[in-house]
Every structure is written in structure tokens, then in C-alpha cells.
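Got a structure here, written out as C-alpha cells. Questions coming.
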Amino acid sequence: MTVKQLIDKVFLTEILKGMALTFKMMLSKPVTIQYPDEKRKIYPGFRGKHAFVRDAKTGRQKCIMCMKCVNICPSQCISLKKGRDENNKPFLERYDIEALRCIYCGYCVEVCPVCALVLTEDFGYCSYTKDAIFFDKDKMLKNWDEFVAKLSGDVYWNKFWRPDGVDIAKMPKSKREQAPVPIRPTAAVPSDTVPEKKPVNPAEKPPEPAAEVEEKPEEKKEVV
Amino acid sequence: MTPRAIAELIQSKFKPEVAEITEFGDQVSVLVNKTRILEIMSFLRNSSELYFDYLTDLCGVDYQGRKNERFEVVYHLRSILHNHCIRIKAAIPEKDCKIDSVVRIWAGANWHERECFDMYGISFTGHPDFRRILMPDDWEGHPLRKDYPLKSDLGEAEWKGFKEVLETVERNKKYEVR
Amino acid sequence: MLKKKELSINMGPQHPATHGVLRLVLELDGETVVKCTPHVGYLHRGTEKLGENRTYPMALPLTDRLDYVSSMSNNIGYCVAVERLLGIEAPARAKYIRTIMAELTRIANHIVWIATHALDIGAMTVFLYSMRDREWILDLYEMVCGARLTVTYPRIGGVRCDIDQEFMDSCYKFIEDFPKRIEEYETLIDQNRIWLQRTVGVGIISAADAINWGLTGPTLRGSGVAYDVRKAAPYDAYDQIDFEVPVGKNCDVYDRYRCRMDEFRQSISIIKQCLDKLPDGLVLASEAPPYDMPIGKPRVMPGHPMGEILPGELVEEKVPFDELYSATEVPKGELGFYFVNDGTARPYRMRIRAPSFVHASVLPKLCEGSLVADVIANIGTIDIVLGECDR
Amino acid sequence: MDISSFYGFLGTDTTDFILRMIIMVAKIAVVIVIALLHVAYSTWFERKIIGHMQIRLGPMRVGYHGLLQPFADFVKLFFKEDIIPSSGDRPVFQLAPMIALFATISSLAVIPFFNDFVIAKNMNVGLLYLFAMSSLSAYGIILAGWSSNSKYAFLGGLRSSAQVISYEIALALSLVGIMVLSGSLNLVEIIEAQQKHWYGMYVVVQFPAYILFLICAFAETNRTPFDLPEAESELVAGYFVEYSGMRFSLFFMAEYIAMIIMSCIAVTCFWGGWTLPPVVMKALPFLAVVPGLVWFLLKVYCHLFLFYWVRATVPRFRYDHLMSLGWKVLIPLALANIVITSIVKFLF
């Protein structure tokens, strides 16, 4: 045993060093965040509460009922029902996400060909009932409104709509051309006055998603 | 030694036991009969040129309807000294669903074999502490078998503790926050 | 005559020091453990069965839930395995990104380990210091993939999205800062005489025994066996990176602690090299399967009248199966995936060789004959997560 | 106790006796209330100190920086359900926390807080009384561990009894040096004896004994690193694992009062109690206007801070190491200290 070791042993050097560290830390700034009062920074692309992108032109969701999200959801928490209106045009009758089953993998956002789905940056949603965390079509749109109300700026872009570093050539056309979505309604039509189930006039509809409505479900059938 | 060479060495040593050698990528598997598995394994463990001192993994596979022998027990062996590995598979028929335990050779096989029994119902003779491991002790059936129902409308018949669980849920309903 | 009877204690499944729902039945003679029987399975979710009924991309998020403190490494292990099975080569950039992520995860995992291990032994402050630093890594995860714990960031054939400059800067800053943080932990415990008394000479397992029991990772390396999958069978960018494998020599809890502390430093060096060398390019291989991978039909023997083999039907001629065992070095040890593939996009058999499962099995060997307090030190030193152990 | 008052009761001077009794009761009430307030705020103080040492904030919600937290805790604990294990020994289970609390709280009787303020004045076996009471509180712990009929609690109780027995000896021995130097067991006289020297504090001449005393005090009060009886990672909570609500808080209070009492003993025996060293008083005579209680409390707070500081820094001992430290290190050192002190005292 060297002299130094002896000194260390008798005078509890290492414990005193530790105590010096804790004392120093006592005077330094704590790292705690007082949560509801201050919030930590959330990075773009955070996978939180589900929402439908409200199309600024039509004021409705952009879903084209291609069933891709339903099919790849690993926890099978999405269900979709396609209805036909009186003109025999398909429309989204039901779209339900059981958020309590969701595992927030974000596959649905990435696979959606028209970027209709988004996992927003809201994470603090909880409730005493399961119904409040069961998102149907209207709630998904409402989630979007709540989310964009907190955003500054005019457009929103989710990084999983077209992930960086992935070959764009392999993405569907609508995805390649997807621009950041405007978050304030651009058309004169206020969103809540648009009837959800109005008879569809093909001329009024945005051409691109309508074109895909016809082909996607067939493609899905092949897959299964 | 390359996996291929190891497989051929095993074949030359235990000619009648080796049923098949398959290769995928750089991995070679040797299908052997289960009767002399302990002998083969001791050879692999103790021979100085092979020296498989390390049992990486032991698991079962259910080939229901696909192969003659329904089950296979798969041993992944590795030699840390020589840095080579091999896969040994022992075919197990459904009727005689047991095989000798290799716990005496690799102590680490203990829990793997218990799990294999738990999931496939393959018995390991000579195992020191043979009982279920992941499933409850009173569980019926072996969940990883291919004929185990994924979803069942049998309700309580699926698991006899199910009824009890339902009763407990009913009893505890009054404590639920509304 | 007085009759002697052991006091049996149920440690767990709800116990602050069993790191989850591990249950140990201890037979005590005074404070000495005579017999220790671990019981696992309280967190069994049937991941292997679930995996057999999902396509390869869909089963990827399941692996997050195995070892939930190092979910990124599990993802990478799974992706590497599936890539080997499907014969896909990830682009170089993706490989480097994965290596960075795997090493960040190693740091994050070891942080949780040192935190809980120290907390079990009573050094509460280390817990909070290290959790502070883990937060940074979780922020890095969130920056790159939007999730903090169950990341699902890698995907088969690469990674989900590229890393950006903000991530690089933050990561550089982290690796610059982190050595100081390690010194803080070490100031509190490394030479502390109480820590030494609690760890040196406790939970000894010799190198031969450790190999025989199938231990891997730092738990094995603490016994002086320099076995590391990153060196033995390199994957991702590990063959282009220069790093050392720290080993212990006394085979006790303290040496395993030292091994992990040294791995912190090695991981920092690996991350630094990867960031420096990071090549340009895409992060997803062009042949990578899409998320909605078509399931396809199982391979059958040629000329079979049914086209497909029905259950229960005996087929004399064998069906070709692809079999692959792929191992990666996750922070806890060797995570192996064994796939049997019948040609569909679903594994016919998915087996997860979880390091925690093997490590938990060695507890009786470590604990028997030692004191109750050593049981706690031993649970800490094997670094188990029950999500992975029970699968 | 002031024995003369009992003579008064038998004699004619009854009013005088009643007056003395009233003063005595008032004194006791004041001391207990202040002690309990100190307990309340020492929990807050501890949580804050340890919080900041662990780069946290500690309680922040109840009142300004959590200042009302102790009361919130009290209200919560008071209204919590009192669970008694059905297979436990019910009367003993209920009695144990009270024994623990009252044994510790009665130690306050002999602590001289300032100039003449001692509840039991002229108690000439003050130190012995303190030792007796602190051992008695171990009964509460042992009984709690036994009566809970839980194995964890039982182990905690066993550990506690062994720990208290072994450290009691070292604790007492570490104070023998003080007794030798002051020639008294009366705490007031010990303080007065310290005033006779220019340094005014025995810590200067008895530093090793002081360190021994501190270590033993940590062990006596079951504080980290000697918190084996309640080691939360091994025995969950040790002897009070089955206790809840108010009974739990009695143990809690007992622990904190014991800590305060240990600090008081350290201050009294080593730091000159309410006095300042004569050399300081001579240099800075204006300090005389500050009441002695302030110095006393300041010294006590410093010791409490030390308790918290150590808790934030060190890991927990293992049982066998604890025992070997007590018997193989502390007791021989304390004995050596006694021998050296006696020789030095004899020679000079």
C-alpha cells in the first residue's frame, strides 16, 4: 500500500470528491422542466395524435380509400368503410382509428399515397373514457384543426410524407408532387358548411385523387 | 473451418445419422436423427478442431404437414475459439415427441429447452428442472404449434383460468373510475 | 433438536430492484441465499407467434417492444436479419447511420443500466445524472424519427429517413460532452469504497462457465472473453470502423461495470468515426421491400396438384425452406433472429434469441451462496429487460 | 427531573409546585411543537437539498417552491386508509410506531437548547439517558418488523436490531472521550466545560471521535449509507413495508427526530452547544447580542445538511460489511480514542 493509498483510505478521499461533486451540482441549474408550465421542444415529425389533413380547397379529408394504411397497420387499429353515394361514386363512409391500440409506428403516414394522414405533434391527450380516444373521421379532422391552430406560418409539412434520402422515383406521383399543405382554408368555402355527403359533381372534385379512387381498391385486392 | 467442411466432418463421423445437409448463404444446417443427438453434440463440443463451446440458440420449429417429421429442434452452435458456427437440426416425430437434453453439455440450454417444451411440447429427457417457463404452469396447449388457434370463440375452453379472470373483472368493476 | 428451515422470500414480480417483472424465489438461511429460482414469463406477449402472422415490414415494430430501452438496436438486428434473408444490401449511408444509431443506443442502454444498477446499490444520485444524459439521446432519436422510445427507425433495406445537419451538430456536441458526464458517474461510484465492497468479488462467473451458460455481451466480456458479434461477424459499418472490445479479468460485478463504462468510450469513438466518414447517397436500397410487401404464396414442390400444401397433408417431397440465423450485438449481448422462410413475405418461424433470457437463466448460479444484497447487485449486473426476456 | 419539586408536593409549597408544573408542561409543549415543525420542514429541506444535488428541483407545486408541501403530506397521510395486515399481531403492530416515536421524542428532554432552556434540568446522567432512549426506539422498529408478519419487514427488523446493537456501542464509546474531558454526563456541564478552553469546542481536540460519532449517528438513525433496515431496493421498505397512512408517518417522524437529536448531541458535545468559542467572542464581541438559540440551531442545521448531503452521495452498505465496519473498525478506534484521551488528560 503506497502512502497515497493510505491517505486515501484514512481520509475518505473518494467520498469527499463525490460530496464535492454533489455540492457543485447543488449550485448548478436543475434540468427539470415544470411540465404544464414550460414545455420541451418537439421536433418535426413527432409521432403523436392522429389527424386527417384538411384539404384547404375542399375543406375535407383527402383520403382516397386505397386501404393501404388499413392493410399495413401492424396493430390493425385502422378500419375503413367505403360507401357509395346516389351517383354511385365512392365516398369515405367511416374511417376509425382506435388510438389506444395504435403503436405510433407511423407506417400509415408514410404509406399514404396522397399524404392524407398525419401523426401530429400533440402528445398530451388523455381521457377518462375510451370513446374520447377513439378517432373517427370527424374527430380526425377536428384533431387537425386543433393542431394547426397552434402552428405558426401558413404551410405544414410532415417529414414522413416523403422521407429524405429515399428514392423519390419509387413513390407514387401524387406523393412526388406533394407540396407543403396550406393550413388555413384558401377557398371561400368555410370548412364546416361543406356537406360531407353531397352528390359529387366530377367537375368540382380535385382531379388527381379522384383519378386514383378507381384504381386503388383493385390493386389492393391483388395484394391480399 | 468453413461450415461446409464441418458438416462433412459430421457426416463422415456419424454417417447413418445425418439425413440431410442444406445450405443457405454461408450457413449450413445438418439434419440429424434424434437418437444419437447426445453423442453428436458431445463430439461437437469436445473435439479439439471443432470445439463448439458455445450454444448460441436452441429452438423448435413446427413443420406441420410440410415434412414427415413434424418438429425439429434447431441448435445453433458457435465456437468462440475458432469463430465458426453450424446449425444442427434434429427431426422429431409427433408421436415420439422427445429428445435427449443437452443441458449436461451446455448449461445454457436449460431455459431454451424449457421454452421449447413450453412452446412446442417437445420433451427433453434428462433435463434437471423440466417445467413450463413463459406460459403459466396450468396452461393447456403449446402456443407456437401451427395448429394452436390464433383466435378462438371457445372462450373459457381456451384456457381454464379465463373464467376466473372474467369473474375477477366483474368483481372489480365497482372500483372503476367513471 | 431444533429444526432448521429456510426462509423463502418471493422477490418480485413487483419489486423495485428486479427491473420489471422478474420473480425470484429465494430460500434464505439468515441473509444467505441457499437457493434461487427465477420465474419469468409475466410479460410474455407471444412476439414470435405474432411475427409469424405478419409480413416482414409489419413485424418490425414488434421488435421495439422487446428490449424497450434499446429499441433501435433491436430494430437494426431485425432489419439486418431480414436483409440477409431476402438478399438485400443496404446503401452505405444507411449502414453508417445505423451504426451511429446502434452506438447511441448502446450508450442509452448502458446509461439506463448504470442508473438502475447504481440505484439498486443505493447510489441514487447517479441515477438522475445519467437519466439527464439519456434525455439527450432520446432527443436525438426524436429529431431523426419523431419517436423517443419505440422508434421503428431502421427499415428493411436501409433506414426510414435521412439524418439532417441539426442531428449531426447535436450528435457531435453530445460525443464531445459525454466523456465529462462519464467522469461524473465515475467520481461518484468508481473508487467509492462502499461501491467497491458491494461489487468486487461479487457474482463471480468464470470464463468457461460464462461461455457454457451462453452469456453474451458485456456480461460475458466481464469474464475476460473478448467475444463480440461486431468483431466476430461484422454487420453494417462495423468492419470499416476501428474499435476495441473492452474485457474484464476478475469475472465479478465490478469488472462487468468497468466493461460497460469502457464501452461508453468505445461507442463515442465509433460514433465519431461514423459521423466523420458518413458517405452521401440514398438511405434505402432500391430493392428494399415496401411496407405493403405482397405476401405471396408459399413455395411448393413442383407439380403438386393443390398448388399449395394444406395443413395435415403429408408431403413426401420436401419443400425448400430458407433458414437463416443472424446475430447482432445489441447492448445487452447477442440478439439473434432465426428465420425459416417458406417463400412468402411472412416468416414461417421467427425465433428471437434474446440475450436477457439467457442472462436471467444464469441468476441461480450467480446468486446461490451470496447475500440478499448481492442478489440485487447480480440482477443489476446481468442487465436484463424483461420485455426481451419474456418476448 | 428536578427532584426538589417532588418534595414541594409533599410539603406545603403547593402553589410553587403547580407553577413549576405549568412551566414544565409549557416547556414540553413548546419543544415538541418546535421539534415537529422542524421534522416537517426537515423533510422539505431534505427533498430540496437532495433534489438540487441531483439536478432536480424537488417539491415545487404546493406553495412557493413547495413550502407548504409538509402540510400537504401530513393531510394526505392523515386521511389515508390505515391498513393492518390481517395475519399480523394487531396490538403490537399498532404499538410499534408509537414506541419508536415516543422513545425518540423523549430524548429531547435533556437537550440544552440555549442558556438555561432544558426541560429536565440537572439531569446528571444526560448522555446515558440519550443512549437509553435511542436504543429504546430500536424496539419500535423490531416490533414493527415482527408484528407485520411479512418477511421483508421481518428481515428489516432483524437487520435493524443487529445494527443498532453494534453501533450503539461504538456511539457510546466515541462519546467517552468527551466525558473524560468534561468530567460529566450532564449536557449543560459538558457545554460549560468546553467554555473553559480558548477553543470552546471539543471537536478541535476530539476530531477523530467526532468522525466516529457521525458515522455511528448515521447508522443509529438508519440513514444512507446505513439504511439497510429499510433498503428499498432489497427489502422494499424494510420494517415499515406494511405500514400506511398515519402509522407510517409516525415512523417517518421518529426517524427525523432521531436525526435532529443526533445533530443536537453532536452540537452539544463537540461544537459547544449554544455558545461560541471564547476566542471568537473576544475577537468579535458584538456577536454576544445574537441569542444562543440561533447558534445552536445553525449548528444543528449544518449537521442535518450533512445527513442529506451524504445521502445524496454514497451507495448503501452490505450487511456483513456494516457489521465488520462497526465491530472491527469503529469500536477499536473508539477505544483507542478513549485511551489516548485519558492518557493526555492524565498527563496535562
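Think of it as A, B, C and D in the order they're written, each chain with its own count starting at 1.
We take it that contacts are C-beta pairs under 8 Å (C-beta built on N, C-alpha and C of every residue); 3 or more make two chains touch, one makes a residue touch a chain.
Given the structure is predicted, the values throughout are model-derived calculations rather than measurements.
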Chain at the geometric heart of the assembly (C-alpha centres): C
Most remote chain, CA-based centroid, reference being subunit D: B
B-C against A-D, pair bridged by the larger set of C-beta contacts: B-C
Centre distance in Å when subunit B and subunit C are each reduced to the mean of their C-alpha atoms: 21
Centre-to-centre distance between subunit D and subunit A (centres being mean Cα positions), rounded to whole Å: 57
Averaged-CA centre spacing for the pair subunit D and subunit C, given as whole angstrom: 47
Whole-Å gap separating subunit A and subunit C, where each centre is the average of the chain's CA atoms: 29
Sites on subunit A at which at least two other chains make contact: 15, 18, 21-22, 25, 31
Junction residues of subunit C - those touching two or more other chains: 125, 129, 132, 188-189, 192
Contact pairs between chains, per stated definition: A-C, A-D, B-C, C-D
Interfacial residue positions of subunit C with respect to subunit B in the complex: 40-41, 44, 46, 48-49, 53, 84, 208-209, 211-215, 225, 227, 232, 309-316, 318-319, 322-325, 327, 334, 336, 338, 340, 342, 348-349, 351, 353, 357-358, 360-362, 365, 390-391
Contact footprint of subunit A on subunit D as seen in their complex: 49, 51-57, 60, 309-310, 312-314
List of subunit A residues in touch with subunit C within their complex: 9, 12, 14-15, 17-18, 21-22, 25, 31, 42-47, 68, 71-72, 74-75, 103-107, 110-111, 119, 159-160, 163-167, 170, 222-224
Complex interface listing, subunit B residues touching subunit C: 22, 24-25, 27, 29, 53-57, 59, 61-62, 64-68, 74, 76, 80, 83, 87, 106-112, 115, 119, 132-136, 143-144, 146-148, 150
Sites on subunit D touched by subunit C in the complex: 50, 53-56, 151-152, 155, 159, 224-225, 227-228, 231-236, 311-321
